[in-house]
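Heads up, the next two complexes both have subunit A, just with different partners, subunit B and then subunit C.
For the complex of A and B:
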């Protein structure tokens, strides 16, 4: 009974310490966890695969440092997929904060591809294979304006080049030339693309979202408004699994590595909840 | 006039915002595009300047009057001034005329962002996991049928979204997915309808001048 008393009155610092240990250990000794690919991620992968040559993929990087660990692996997996399949890609953000993170993710993946390239044709070249449109406030301007003219909304890109002058953008006028738009966000940006851009211009939208906000997005996936969905760390790991098995891309899989830490944290929290409840029922009987 | 003019402005612009959804005529669409692409862009630029000015004013007043925790306002104003100078004259990646490198020490905007904002932001958010663990241990109790159902669903989702769930039983992830797809979506749809109707009602009240609290001025 003393042990039960002790367990049900654990000091919060002990809980913090236990959680810190179980989260940190799997990150220090990472192991890649295999995952079963679920329907929402498989559909997103298939939709990216089916983007016609003449159309582009837009990735909306809308995650900030707070949600970076959960969402960045999704962005990196998508970039690897797009560049491997030579799908033309335009990146943008609806907010200013994610710009730096978008650049970090793109620089990393471009370096991976270009370090293995032997000719210019193999390399990923700015303006030809991808563009970084940057940020245009307020969000309603790109959400609706890109349906009419992308270069009117983003007159210059992130680096200050005239958008019209970039070779990749010569044949890209508006959403009609976009095969898929994927919004990776820790907030409700993916819903805005549906509410405004898809409703008015019919652009296909996919999303990568945090696990905690997932329940907001399922309804839109069920109705087919989202072409596919990646949810939380597991969603990122599933996409990593797909690009490794289907496209033979062998690179570091951060989401899959983090699943060990996530598993340990979930189990620890479940054990704490069970202990708390056992103590509650024992005391209530007394 | 001080009250009537903003109300009139909201009425006119509110109606202008609605019309393009119902009239697909090119003249209406072009006008809408012009208003959004040019007019709104200018207004939002002013809004950013106004917002930053207001932020500085609030913190300057806080320092001047020595209000609670006024020391943090120094941090904000100094950080704001330094990043503004570096951003405006040094460029995002140190590509303008202000030098943003001393030897191997680099301090352009991208470097500052990667090395200060990113770790600070991640740290703040990571703390949530500890508070959540502690709070769920203390407060998540199966006190009633409803809370027991919630607890059961939480356990299934928490294990079902992990590779471990698949190892326990291949049906567990599918069951977790079912909970998210059916009961979760059913309740979310109900909530979404309520929010949407509430938003329409509130928007109409604002456009028609019935709801005026946004004008400020207390009573």
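For the complex of A and C:
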């Protein structure tokens, strides 16, 4: 009984320490975790696969440093998928903070592909294979304006080039030329895309979201408003699994590497919750 | 072990440890990192807004002769009137324009997205059974969803005492609400632990080089 009393009054700092150890150990001594791909991620992958040659993929990078660990692996996996399949890709952000992180993710994946390229045709080239449209506030402008003209909303790209002068954008006028738009966001951006852009212009929307907001987004996946959905680090790991098994892309899988720690931390928290509840009921009975 | 010699990695590691130090107790290192983060974020936002938004979209075209943009400039500048007591009422003009525009744009879109499509998704139709990608189990999930929505809505019906049929449905509604809270909490734990893992991957990998 004394032990139970001690455990129920445990200092929160001890819990933090235990949690830190539990998270660190699987990172230092990694073990293989089997990743089971769930329907929402599989459907997103399939939708990307089905983008016609004449249409582009838009990735909305809307994560900031606070949500980067969960969302960046999704963005990197999507970029690898798009570049491997030679799907033309346009990147943008609805907020200013994600711009640097978006560039970081694109630079990393482009470096991966270009370091293995042997000819110019194999290389990923700016303006031909992808463009970085940048940021155009307020969000309502791109959400509605891109349905009429993308180059009118983004007159210049992130680097200051005239958008309509870029080769890739010659045949891309508006949402009619977009096969899929995927919003990777730690906030409500995916909902804005379906509320404004999809309702008015019918653009297909997919999403990569943080786990904390998952329950808000599932309803829109069930109704078909989202073509696919990645949720949290697990969602990123599932997409990494798909691009490795289906496309044979062998690169670092940051989300999959974290699954051991995630599982260990979840088990620890479950044990703490059980101890807390048992302690509560025992003390109440006394 | 392969410690990084990149100056910026060390800065990142130092600031991460400053933030983590709050877990022990509040301290000047945490406060320093917190204030630095807020300051840098605001500075970045302000600089970007001026150079990437105001200059190319307003000032540059204005000086190139697109004089009608002066209307946007004046209306936008009225936000500053808030700080001058005698003319502070003028701030209502840009606020009214903004609210009017956003309300007009939002209402039909939100009704379509959040009400009509969600009701369509709840109705028991063969199309919705297929949406679950669960074969014959799709019918079961659709029925559970249907019951869950109706019972949860009945819980929030307060014009009649929760007795009889309404009492039963509202109690079932509570069960669905609790399951929803449980799922949301579980996902929240996953999200927070993921952020911790991300930082530890940086500290143990990029900084200390202990992990790959």
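In the analysis below, the second predicted complex is superposed on the first by the 283 of 286 C-alpha atoms of A that agree within 3 Å, B and C clash if a C-alpha of one lies under 4 Å from a C-alpha of the other, contacts with A are read in each partner's own complex, and residues count from 1 in each chain.
To be clear about the criterion, contacts are C-beta pairs under 8 Å (C-beta built on N, C-alpha and C of every residue); 3 or more make two chains touch, one makes a residue touch a chain.
Given the structure is predicted, the values throughout are model-derived calculations rather than measurements.
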{"item": "First (subunit B), second (subunit C), both or neither touched by A:253", "value": "neither"}
{"item": "Partner chain in contact with A:144 - subunit B first, subunit C second, else both or neither", "value": "both"}
{"item": "Which superposed partner A:10 touches (first subunit B, second subunit C, both, neither)", "value": "first"}
{"item": "Partner chain(s) touched by A:219 [first = subunit B, second = subunit C, both, neither]", "value": "both"}
{"item": "Subunit B versus subunit C as contact partner of A:80, first or second or both or neither", "value": "neither"}
{"item": "Which of subunit B and subunit C A:23 touches, first, second, both or neither", "value": "both"}
{"item": "Touching partner for A:272 - first (subunit B), second (subunit C), both, neither", "value": "first"}
{"item": "Subunit B versus subunit C as contact partner of A:38, first or second or both or neither", "value": "first"}
{"item": "Partner chain in contact with A:67 - subunit B first, subunit C second, else both or neither", "value": "both"}
{"item": "Subunit B and subunit C footprints on subunit A, overlapping residues", "value": "16, 19-20, 23, 39, 66-69, 97, 136-137, 140, 144, 200, 211, 214-215, 219, 222, 231-232, 234, 262, 265-266, 269"}
{"item": "Touch list for subunit B against partner subunit A, complex", "value": "21, 29, 33, 36-37, 40-41, 44, 48, 110, 113-114, 117-122, 124-125, 129-130, 132-134, 136-138, 140-142, 151, 155, 158-159, 161-164, 166, 170, 173, 177, 180-181, 184-185, 188-189, 192"}
{"item": "Residues on subunit A engaged by subunit B in the complex (per definition of touch)", "value": "10, 12, 15-16, 19-20, 23, 33-36, 38-39, 64-69, 97, 100-101, 103-104, 136-138, 140-141, 144-145, 148, 152-153, 200, 211, 214-216, 218-219, 222, 231-232, 234, 259, 262-263, 265-270, 272-273, 275-277, 280"}
{"item": "Interfacial residue positions of subunit A with respect to subunit C in the complex", "value": "13, 16, 19-20, 23-24, 27-28, 30, 39, 43, 66-70, 96-97, 99, 134-137, 140, 144, 155-156, 191, 194-196, 198-200, 210-215, 219-220, 222-225, 231-234, 252, 254, 257-258, 261-262, 265-266, 269"}
{"item": "Touching residues (chain side subunit C, partner subunit A) in the complex", "value": "23-24, 41, 44-45, 48-49, 52-53, 56, 102, 105-106, 108-110, 112-114, 117-118, 120-121, 131-133, 145, 180, 183-184, 187-201, 204, 210-212"}
